[in-house]
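Scrolling down, you'll hit the structures one after another.
Next come two complexes, and both contain chain A; in the first it sits with chain B, in the second with chain C.
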Partner chain A sequence: MMVLENRIAGMWKNRYFPLTLSFLIFFLNSSHAQTSILNSGIHGNFQFDGQLYRPDSLIGSPDVPEDFLNNGYANLIYEKENFAAGIRYENYLNPLLGFDRRFKGTGITYRFFTYKKDNLQVTIGNNYEQFGSGLVLRAYEERSLGLDNAIDGIKVKFQPLPGVYLKGIVGRQRDFFSLGEGIVRAIDGEWNLNESIKAMNEAKTKWTIGGSFVSKYQEDQDPVFILPKNVAAGAARINIINGGFNFYGEYAYKVNDPGMVNNYIYKTGEALLLQGTYTVKGFGLTLGAKRIDNMNFRSDRTATGNQLFVNYLPALTKNHTNMLAAFYPYATQPNGEMALQAEVFFNSKAGTWLGGKFGTDFTINYSRAQAIKKVSTNDDFGYSSPFFEVGDEIFFEDFNFEINKKISKKVRAILSYVYINYNRDVIEGRDGFGHIYYHVPMLEVIYKIKTGKAIRTELQHLFTDQDQRNWAMALVEFTIAPKWSFAIFDMYNYGNKTPEKQIHYFNTNIGYTFNSSRISVAYGRQRAGILCVGGVCRNVPAANGLSLSITSSF
Partner chain B sequence: MKNIHSYLIIFVVSMFLSSCDVVEGDKREAQIGVVDTGCVFGIDTTPDIRKVLAEEYTGFLCGNCPEAGIYLADTLQRLFGEQMVAMAVHTGFFSIPCPGGACTGSQPAGAFQNDYSNATSNDWGNFFGIALYPGAMINRFSFPNNFQFPKASWSTKIAAEIAKPVEAKIRLKKTLDQANREVSLCIQNRVLVQQPNPLKLQVVLVEDSVMDWQLWYFHTPEYVPDYFHRHMLRESINGSFGVDAFEANAAVGSIQTTGYKFTVNSSYDLNQTAAVVFLYDANTYRVLQVEEIKLK
Partner chain C sequence: MKKTFSLIFLAIVLISSNAFATAPEESRPVPEVSIKTIKGENFKTSALNNEGKVMIIDFWATWCKPCIEELNAIHENYMEWQKETGVKLVTISLDDARTMQRVAPFVNGRGWNFENYIDPNGDFRRAMNVNMPPHTFVVDPKGNIVWQHVGFAEGNEEELFQVIKNVSQGKTPEGK
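Our next item is the complex of A and B:
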């Protein structure tokens, strides 16, 4: 027999339970509060994801002693005039496969109250916040990744002058059911020139500039290194908008921050992000470039995985949603990368040769992430890196296009193609696997039978000589809007070198939606892989079984 | 009012701007063990054998742990012989002395007063997110996914690790000044298979057969006053996560010779204390090779 313990969960519950209880009693027990609730807004939402696992040695799904695992979340928000308060209950009994086992348990993981008076807004409790694009601070929740780095503390927003916005926050970050060791202190200022300067009020060109400063504190108890207890990072940004043109640029700098991820080097960190878009009717162009060098920034220097991020480093790659194309997604490399992305969209009007009778949309996208040049310094700084020099190693490359065409009043077809060069060793932190080069052509057809009823089909094929080699996939989905959806699909790894691993990953799914609630039940196999959202990833283990998902909001 | 705003902003900004430490000059603390640069090794004529670190996480208030500990220290040690190095890491909820942690108040008076957790065991417990008691990491492989194993799978995991190629070699020799409890430990590391990541060297002390209280569910009485805690991790000589040994892609045959001089804590029994030395991948934490040497 074995014993699984999670005392942290208990601590969390003990620490916050009295506060939460007081909070609820305050609102629910006084007659005045009852009236307030009735005359103001309470809203919330609920999500439950559960799965009944069954052993499947063919796909390598791990044995689940509990058989059934679930993740559950419920938010309750109360708002009245300039006041708002809320809590979130989370339940992992035990966490779904692929989620960190340290989530095991239940408790109130999020609670806050906020009020706004004149130009001042104060929030006490858990805070989500982002400065600029997040290069020096982004506290957010991404449930599908098991990521929640909310800052538990105090946040103040203040507008001293028209167009000038100041934010300050102090606190500690959520670490599963506890709080991280480090303290985060952060301020941000943004100046909207058009709002501040009368002469620019009506100007066609809109200017916004901003700056951020973030500092984290953590004790130095390391017996080997003399570690900086206070680590600071700063950023400056600019946003210019003129008609269909939009430019955003941000530069961030971080002082010495030795930690687990950068292997305890003392080099400073830098990041530059440039993004430009140009859109007019029927045409859009997006260009992006970035450079990241030693910018892993966490409130605990020993943290790894998706734990205790202070900042966010966006990925300049397309987030593919088609199953086979999304097999090998890109994860941002905080220790160093240079990346660029370009995307062109254009619409060929109806009645033209390209557009046909109903018009056609074309999208072409290219992105590439590559190493930065690093020259070893053989000291505690680790390396030096010339700012504009690119390293030799390609981390990720993606070329894709999509043609979206309405063929008749009842039929729409989407033809797309993806080519990806995926450096598995770098992205997954593994050894000896090299690159995976793959091509995925896809055809999606939507046929409207009559109003509210439609059939959608997808055919996809993945060609590669690496990893598990070729895959084929077919999907049929029948929708009776707005309530029912039925889907059935199969992914077949027919090209696997090992005959017994030429497996079908068959899945069925039924969804029922009523008002703002949805229940869906699915049964089938899940392939082991990686799930990424915005360049942040988690491993997804192989699984087989019945899953149930319920979402609801009020 | 505007002046108050300005002063407030200036105060906040200046407060924040001062929150930044740049470490100038020497960036390393003096270690518990002082690096010994005088180590010399002769020609190596010993066979290259792969040894496996079996790192059990336990605590004296973990009632299911004794059976696992005995299984590791007796059954598996006999089975794998010198190819397995056992280490019991006391940390977490079950290692907190009474009152506190898992103490329910029903423990015998005076029991569970000694704290066998230490800076290194706690750092490891926190970093690896140990939640399985009794559980073990075997060469720390597959971290961070599915790396804590229950007792039932230890033997197969250890056998699987032993069967892998020998990737590195560690040679040890020591001298002991018994009167002053001073040890000079010489270490020679050699790369046998090129590794894509840097390697780190970890040196810790373990003490065997420490007699003290243990909760044992399948024993009568449950509270055992004279339980022998086997292979207990006592402290690290070179920090909780060791020091750099080899850079990434170090050539096959690369050798590092180093050593430490240190004084053994007076509470440890010199007859039962050993140094455990291991090389691990600095990025994945996978242990490539481990060696153990008794101090006396």
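Our next item is the complex of A and C:
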């Protein structure tokens, strides 16, 4: 009896046991009543990425003693009227190459419950949140980067009057399987004037203003420096909309925040983001400008990499998805940058000269990021920086266009071109490499063979005299809708100066989709490179092997 | 702490699974979270509806190629679909602060006639369990999610239209 009791107690100590039991009970109950999962208040999703690695000294893939690595995630959410609760289980045994080794292990990394009553919403547990465009606070998850800076604590949202939105949050941020040392306290208010003021309800011009205040607390145990324990940051924003015009501006300021990333200087930080758009049917224009100065803001002053960000500094550059164009992506420089971006979209209607028989879409984009002017001050502040002066060094420049045209009922073609000037020293934090200048023309053709069957081909070429020099890429994909896809592609570094490094990166991929689940198996070589989402990046090492991905939602 | 949460979760599951055992016909409604219109106004997702007709909710992003292919494919057939079933397509963009200002010019620049929203904080994405876009949901005339699909390959739009026709005729998505 004693043994049994101990065993039961032991089972409860295992944190997954209650969960497993929950599943069991739930499934037994539901299958008994012939309810589908969709019919219940419980839903979730699942993702598994595993790879069996093969040594490949030619591409310089690191040694994987485990042979097989995987990342797994499962979310479960329960909802009933004004109440919701959820958990996420994560499993890295061991983490895939390119993910921080500190992820090693398994555990429940996210759990929350939330309820809404009248104009009040309270969330307890892990919170994702963004104030304005995130310049002072953004807690979010980007799995592909191994980034999750959710704030574990309490969040309250309150709407006291129509058009007035208040939010407050206090907690500590996720740091792999534990929490960061610093405490984050934050409030935000947004006032939509047109919703609040009756006389403005129907006004053509819509005004929204907002402001946020964020403070982090971290003990100072440094034997040499006197470090600020409380670091505050604030931001103000405005959004004006009139018909097709939209203007958004946000300014953020941060008090002195010496830390690892800014080399422990005591200078204050600031950021300005301005974005304007104009759009009518068939035409769109966006203009953006940004200035960032010493705005790295983390809840632990010693954190680096993608850990414990409190804020988010969006990159004002296009996110390229074509393989070769994405070889050298831009990462926001939190210690200082000035950037500009312009983009035009237009659609030439069917029947016009440019539009042809079926219409054509055009996109033209230009962006440039440059240093801010820094004048060294030889004191604890490190440097001073005149607000409107641009530094000499170019970090990144990108000109690209795309023409997307339906040629006949069966054929669609996408032609694009990208030119990029990439400052490798600054973006990758290296020395002595200089810039990489490259051009990538691309042609994609989608041919519908008959109902549900299509072939997609891609041809890309990267021209450059730097780094690994020229690359060529070709892809063929055959899809049988709605379930099957088969793809093969090859990236060939034929221009490499070293003959033995003129390597083919050959890949094959089979995908099977059934409703909201997808299984794909891929085999081939992966090039060492950088993967970026939203200006935040991670290194991806070279790899060779067989990978399996499963995603599913229910 | 973790254990306590798991226990609470277990309690909820116990209660709820029993409750559902007696109400098998109940479907999942669209969850209520806050998103933004492409004009930047706050919007509650519980207000998404198509006045008693079928609605499609499509998660996409301006940086997602298959998403754009899917929306292009639907756009080409949209008038015909609307005529036949009265269906409405709602797009939810997952673009964040970096690219959300691109959404309105992008959809207008393409001439798409959908109803467009942005989910910059990912609240709706999490509530709907979207792993990666494109992820398409079909909502029946009563406002319940009855079908979903991930990914896009040329020709998927035909399957989607068949589902819309079935659901608008009061059948199951599979046509039973």
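Rule of thumb we're sticking to: the second predicted complex is superposed on the first by the 514 of 554 C-alpha atoms of A that agree within 3 Å, B and C clash if a C-alpha of one lies under 4 Å from a C-alpha of the other, contacts with A are read in each partner's own complex, and residues count from 1 in each chain.
As a convention for this text, a residue touches a chain if its C-beta (ideal position, glycine included) is under 8 Å from a C-beta of that chain, and two chains touch if they have at least 3 such contacts.
All values derive from a computational prediction rather than experimental measurement.
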Per-residue contact with chain A, leading partner among chain C and chain B: C
Contacts of A:G146 with chain B and chain C, given as first, second, both or neither: neither
Touched partner set for A:T304, first chain B, second chain C, both or neither: first
Partner chain in contact with A:G105 - chain B first, chain C second, else both or neither: neither
First (chain B), second (chain C), both or neither touched by A:G355: neither
Contacts of A:Y312 with chain B and chain C, given as first, second, both or neither: second
Which of chain B and chain C A:P329 touches, first, second, both or neither: neither
First (chain B), second (chain C), both or neither touched by A:G259: neither
Footprint overlap on chain A, where chain B in one structure and chain C in the other make contact: none
Contact footprint of chain B on chain A as seen in their complex: 1-7, 62, 100-102, 104, 160, 166, 168, 185-187, 213, 215, 217, 221-232, 255-256, 258, 260, 263, 266, 302, 304-305, 376, 380, 425, 429, 431-432, 539, 541
Footprint of chain A on chain C - complex, ascending: 2-3, 5-10, 12-14, 16-18, 20-22, 24-28, 31-32, 39-42, 63-65, 69, 72, 76, 96-99, 101-102, 104-106, 108-111, 120-123, 126-132, 135, 145-151, 153-156, 158-159
Chain B residues within the chain A interface of the complex: 2, 5, 9, 12-13, 16-17, 19-23, 26-29, 31-32, 62-64, 92-94, 101, 119, 123, 126-127, 129, 131-135, 144-146, 150-151, 195-198, 236, 238-241, 243, 247, 282-284
Contact set on chain A toward chain C in their complex: 12-13, 15-16, 18-19, 21-22, 25-26, 29-30, 32-35, 38-45, 47, 75-80, 84-87, 107-108, 111, 113, 116, 125, 128-130, 132-134, 138, 140-141, 165, 192, 195, 206, 208, 239, 241, 244, 246, 248, 275, 277-286, 288, 312, 314-316, 319, 321, 343-347, 349, 359, 361, 363, 404, 406, 412, 446, 448, 451-454, 456, 479-482, 485, 511, 513, 515-518, 534-535, 551-554
